[in-house]
Amino acid sequence: MSSTSLVYIALFVVVVIGAILVGAEGRNFFSTGNLRDVFTGMSVLGLVGIGQTLVILSRSLDLSVPYVMSLSSLIAAQTMSSGGASIAVGVVLALLFSAAVGLVNGLVVTKLRVHGFIATLGVGLIIKGYLDTTYKGSAGSVPKEFQFIGSAAIGAVPVSTIGMLALAAAVYFLLTKTRTGHHIYAVGGSAEVSRLSGLRTSSPVIISHVLCSLSAGLAGILLASRLGVGSPTVGTQGGYDLLSIAAVVVGGTLLSGGHGSIWGTIGGVAIFAVLDSVMSAIQFNPFLKDVVRGLVIVVAVAIYSRRSSETKRVRFPEKGK
Amino acid sequence: MVDAILRADAVSKSFSGVEVLSEVSIALMPGSVHGLVGENGAGKSTLMKIFAGVYRADRGSVWLDGKHIDFGHPLEAMKAGLATVFQEFNLLPDRTVAENIYLGREPQKFGFVNSKKMVADTGAVMAELGIDFISPSSRVSSLSVAEQQIVEIIKALSFDARVISMDEPTAALADHEVQLLQSVIARLKSRGVGILYVSHRLNEVFDICDAVSVLKDGKLVWDGLIEEITQPEMVRLMVGRPIDAFFPPVLEGTTIGQTRLEIFEGGNEFVDSINLSVKSGEIVGIAGLQGAGRTEVVEAIFGAVPFSRGLIHIDGVETSIRNPRQAVKAGIALVTEDRKAQGLALEQSILDNALLTVRGAHPSRTRGARRDAPGVLSSLEVNSTNLGQEIQFLSGGNQQKVVLSKWLLTNPRIVILDEPTRGIDVGAKVAVYTLMRELALKGVAILMVSSELPEVIGMSDRIVVMREGRLQQGLGPQADEAQILTLATGTIALTAEGEKS
Amino acid sequence: MMREIRNSAGKSVARSVAVIVDPRQAVFLVLILLLATIFFLNPGFAEPSQFIRFVQRVAPIAILTMGQFFVLVSGEFDLSVGALIAVQVVVAGNLIGQDESKSIPVLILMFFIGLVVGLVNGLVSSLLRVPSFVVTLGMMLVLLGGVYFVTGGSASGNPADGFRSIGRGGIEGFPIFGLMPWAVIVLIVCTLLASYVSTRPFGKTLIAIGDNPETQFYSGARVWWTKTQAFMISSTSATVAGILLVGYAGVHPSVGRGYEFIAITAAVLGGVVLGGGRGWVLGALAGAFTLEALFTVLNFADVPSTWRDSVQGIIIIAAVAYSAVSRNGIRRKGTNSASPEIGEGASASGRSAQNTSPSHD
Amino acid sequence: MNTKSRWMAVIGITTLFTIAGCTDTTSTTTQDTTTEDTTEATAVAESEWFDQAVFDKQSGEREVAPQGPVGQPYLQHINAEMVSTADYAIDGAGKVCFANASISNPWRVTGWITMNQQLQVLMDSGAISEMETRDAQDSDDTQIADIDYFIEEGGCDLFLISPNSTAAMTPAVERACETGKPVVVFDRGVLTDCPVTFIHPIGGFAWGIDTAEFLISNLEAGDRVVALRILPGVDVLETRWASAKVLFEDAGIDAVDYFTGADPAEIKKIISDELAKGDVRGIWMDAGDGGVAALEAFEDAGVPYPVMTGEDQIAFMNKWQATGITALAPVYSNFQWRTALLAAAKIFSGEEVPKEWILPQQPITGDMLEAVLALNVGMPDGHYATFGGEDLPGYPAVWQERLVP
């Protein structure tokens, strides 16, 4: 059984348990409002998780996402504050800066040969310093029409979540149907093999870093539209760096790179969203929420690694097996 | 006469100041197989990697079809029609055969990867070579070692290359697979492809090569047509000293004593009904095809993938071996098939590698072992200036010697060697054989797995043949290759492979 | 050659000089320069009595880093140490309170807690084969949430002064230094212990495991247990750090926050390679001092507090990049260093992982 | 701040790189930008939060004698403009939906406990049927979702919101107002006046004025003051520093500020370094958390205690009493958590409430110390003296054991 299908079985279990718990509170888990709460919870983490999946597949990781999110939310909100046409400009600018950060991450990892952990931690700190110095709080303002993107929903599904899923589909396409995607898997699997097969091993890593920062940038823009302003702390508030990595591994992607899927990550994100929504609905002690999250992460990955223990072809099955 | 398709003119290359190639010139004719032989460290792989665009030559020039070439990247070489099959496996276990073969040049349609075409083309190449037991869309991780090696070769062929250089292509292959490869090579020759062929199996070189170049210490010491040289002469050129007896005789005073290791009805998910015994001072050879379960048997004895049925007796005492640690404690040593993956810690020093087992399994004996290590290493002629050097910079032969030292320092009673001479040079091979004889003299029980039939025949006191995970009947030391092959392949050749695909 | 330098480092002045100029030991050079900068900006700091205070202050993070070292060289991560410190600090505060007589039993309890956390981290990652990055991340969340839940977000109060003096007090009237803080003595003991352990078969096996776990398995080493011990060392070091910190600073759930990243950063600054197989415990120690010295320089130089993170980020990247690139220069062939791996040595498929060494035949 | 020594550091660090061989462009270029921006950034920082009008308003409110029942500060208000809530009146008990920013720091935990004890009383009295709480764990995004959830699913009679941040929460609060149900906001505000009432103490500027004036009156011009701040970008904290900073500059006090994350170890390191640099006469804090560690740094360095302003946190107050230092404990009246529910009850019963409910914010001075501590015997370090729950059920045990619901 593929690890992705395992993820969705896990998700199913979480939903069932959640629905029961919520039901016990005299609520309906599947009511529009509750589902919207779940889907809303998926949108931002989903965007970040998609990017994080790409870097992890290419055998790196990105701890700078929270700061990229904050930065992009500020750039977007400040540029848009004049309203009208400046909206497009704001989005483009925010994404440009995000991409630039991703480029730096990618270059530091590939050219300076700094482990992704240190490289992105360092770049994150650099951005943090800039944010803390330059911004003394939320800044800029997002015009009403753009705030709509953050609040609007079709039935129970927020537009933002639909957008997130669209991006996931696009990335799925990228990974399975384009050379770049194939090469991200290849480099993540083994850089040396890829090199001898004629790949320029640094480009997939750089690309995945750029795309990761871009999706973090998108998440930042989405947050700006939800908050109506840009915020220098909005990224760190959610702890999106470690949470996104957690979502990716809960989604069945290997931290060692080269193996995993985007839909798995979406499943992982959904698991976290459902958990959070349920714990809020049953007014679970806020301090214990992290305990639950922590346990879920470890248990989930433990289950996957049990199943995915590579099986050779069995010639003489045990009697009774 | 025709011009050379690939020519190297006075090529030189140094690593960290050490010159590994100096002024080497060779010419490869189209439609011919050009052997490249020499001890490890002679510069063969370096020369190939220069052709392949992995390294750049420091001095000298390379000419392909009369055009000067200087590849900065493997892809350029492949695109120019110069494909290379490297010695190490260069496949991604998590990707399919087709994805591996077309990695870096996936066929595209409207800018997107055309997976259908990729699978189809792969199938076509394999059909052309009569390979029906590998599916283009199966994951590489599900293939056997030999199958992976074959995929390697298919990969090189899939560039319709005019020059293919192969580094030890048969190292992992059993004889019938070697024949398969040789038929492929014949087909390529007829197409006018030039083949550069590196091998340590001299018989092979003499079978298939038209011309040969002998390298020693980075210099070209002989170059000419194969008819112009004899095997002993070639060995002399390679090692610089004549090797009269390739397989040293049993040493004076070696006595085959009590049964040291005995297995009754051993079995697990890979092998079944294994009954095997090795006496002290005895060398037992296990022959058989790749995938016949030889490695699985020794891994079971060693506890890496333990038996789930049957009994193991050591010196007549029933012993439970659930993991390698228990095996080591019981005095068993296993020189694994895959040296780099299972035998060494490549970034650690020679000394640390020699002490791996003692530190890991008998920490209390470390002090003593630390004293003996230099002696043991030098007795195996590990020619290395200082023991602090990282082992990854040693040649395969020397690495293997360190692996042996690592085990000798535990004073094993039973030594299991799995393909002990794969990919190592003649000098090192002889060192390994001699060591085996010395251990036998000391009364150690030795079990050797090998794909090289001459080796099995030359070294074993007794030969057992495996097929499809079961032991066939044993043979005496006088067994000949034909007997072994019939037992190994059974009536129909390829059965072992066939039922695995 | 690196190892040659390692084995003999400190034995003779000449060798220690060799260490300092060795490009891969850049950390020592950086440390010396940072200290020089500090002394330049504030000569008073060079006085032994002041400097020993600096050492006292660095002690907890230094000990934590040396503990993290053992986990990192085995190719793993321990992200749970920061949270564990918070737990230990609060445990000390709430259980000892003002009753000094409880110090010893609670100390024992704290070490027990530390060992259990390490044991769980180790067993789950090695036996259940969950990447340590994930296990310890989960452990971090569990511990933090737990400590906040139990304490309602704040400790009842500081433990007795007698207990706190371990991290705060010292030996009065000590020659040269005036006051020799206990923390410094603890640090010295831990350093000696760590460097001893790292040269024992255990330490060597650990590094080799970080290099290639499969080989260790085939060599009869108990890979799972050796790694688990590494995690127990790490969490014990976190316990010691916690004891020193509760003494130095008092009880607060935020004590220890982010220390896991500081410790990992410090170790990497000290030349430990993430992914395992390379590293030197004294390098890690130097890394910790370097990082703290850097913070001090920033304080003394009146760099606006908001910019400190940026400077820190630059220094980390620059230092690591430098050693990475220089090591690479020495190894000539850039194998898989172009795509660094998380500490997943165990799960990397043996063959493809081992394709990466230059064979010179 | 002394630019010369800053340049010194920059030069020091840059040489560091060059000697360490780190000549790769990324680091060096970023290095340069660092120095440039530093000057710009600090220039920006000056103006950001200071607002003369608000400064004067709050400065005035400090002097005003609060209206309302004596001895019940949580019901008192300053310069209140009362509004009728008749339209919101309901018969019987109503359901309160509480979107809480978080309980991630001792101050919020204390308030949260008090609030729940108050809830008991109001539920027993039949004013409130139940309170459903969603905790945003310090995340704007989560709190917005929480509010939207309440609007959709809560079946709420009243929205009670403690915003995680001011501007970001405004759109969501507006959505809540659009439901026609009453909205009550407390602690941080929002940029809309749609809520029925906004409950808060006088504010950060008042805090800054009280503390700065205290330090100034106890110090001489040129004295060095270390300002310990928790984290940047939080309005209720930034305003405290903005006003204090201005006053310090006018009085010629040399104040340098640091961000500590309320981590006592960090605080102690900072103070030690400052003491190594020179005498420190005053400590200013934008929140009392970790104040004890600051004082201990002086003890360890063997130098006389500074004049200090902390907060009404028990840890600090005890240390204050024990050491007898010259200190002031400004308060950010914790009892507002209780007021929020009382306001809800008033609205359900249609009583009028202040449009902007400004609660008294009376700093604790040396002569009040004894009395205040007497009311907080046995309270844990993280407890806040002006929790104002002395008359609620469960006092004092609930606060002493810190039973978080």
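The letters A, B, C and D name the chains in turn, as written, and every chain counts its residues from 1.
Assume a residue touches a chain if its C-beta (ideal position, glycine included) is under 8 Å from a C-beta of that chain, and two chains touch if they have at least 3 such contacts.
Keep in mind the model is a prediction, meaning the values are calculated, not measured.
The minimum number of touch steps separating subunit B from subunit D is 2. Measuring from the averaged C-alpha position of subunit A to that of subunit C gives a distance of 29 Å.
Separating the CA-averaged centres of subunit C and subunit D is a span of 35 Å. Centre-to-centre separation of subunit B and subunit C, using mean CA positions: 42 Å.
Each chain gets a centre from the mean of its Cα atoms; for subunit A and subunit D, those two points are 33 Å apart.
Each of residues 108, 112, 126, 129-130, 132-133, 189-190, 192-193, 195, 285, 287, 289 in subunit A touches at least two other chains.
Taken residue by residue, subunit C touches two or more other chains at 148-149, 153, 304, 306-307, 310-311, 314, 317, 321, 325, 352-353, 355, whereas all remaining positions touch fewer.
Across the assembly, subunit B contributes 90-93, 141 as residues in contact with two or more other chains. Remark: the chains found to touch one another pair up as A-B, A-C, A-D, B-C, C-D.
Those residues of subunit A lying in contact with subunit D across their complex are 27, 31-34, 36-37, 40-41, 44, 104, 107-108, 112, 126, 129-130, 132-138, 141, 147, 151, 223, 226-229, 231-234, 237-238, 276, 280, 283, 285-287, 289. On the side of subunit C, the complex with subunit D involves touching residues 23, 26, 29-30, 33-34, 37, 40-42, 44-45, 50, 53, 57, 60, 148-149, 151-158, 168, 245, 248-252, 254-255, 257, 295-307, 310-311, 314-315, 317-319, 321-322, 325-326.
Of all residues in subunit C, only 1, 3-4, 200-202, 204-205, 207-208, 211-212, 214-222, 277-278, 330, 332, 349-355, 357-361 touch subunit B in the complex they form. By the touch criterion stated above, subunit C contacts subunit A in their complex at residues 124, 128-131, 133-135, 137-142, 144-146, 148-149, 153, 261, 264-265, 268, 273-275, 304, 306-314, 316-317, 320-321, 324-325, 328, 334-342, 344, 347-348, 352-353, 355-356.
On the side of subunit B, the complex with subunit A involves touching residues 52, 54, 73-76, 78-79, 86, 90-95, 99-100, 103-106, 108, 111-113, 141-142, 267-272, 293, 308, 468-469, 500.
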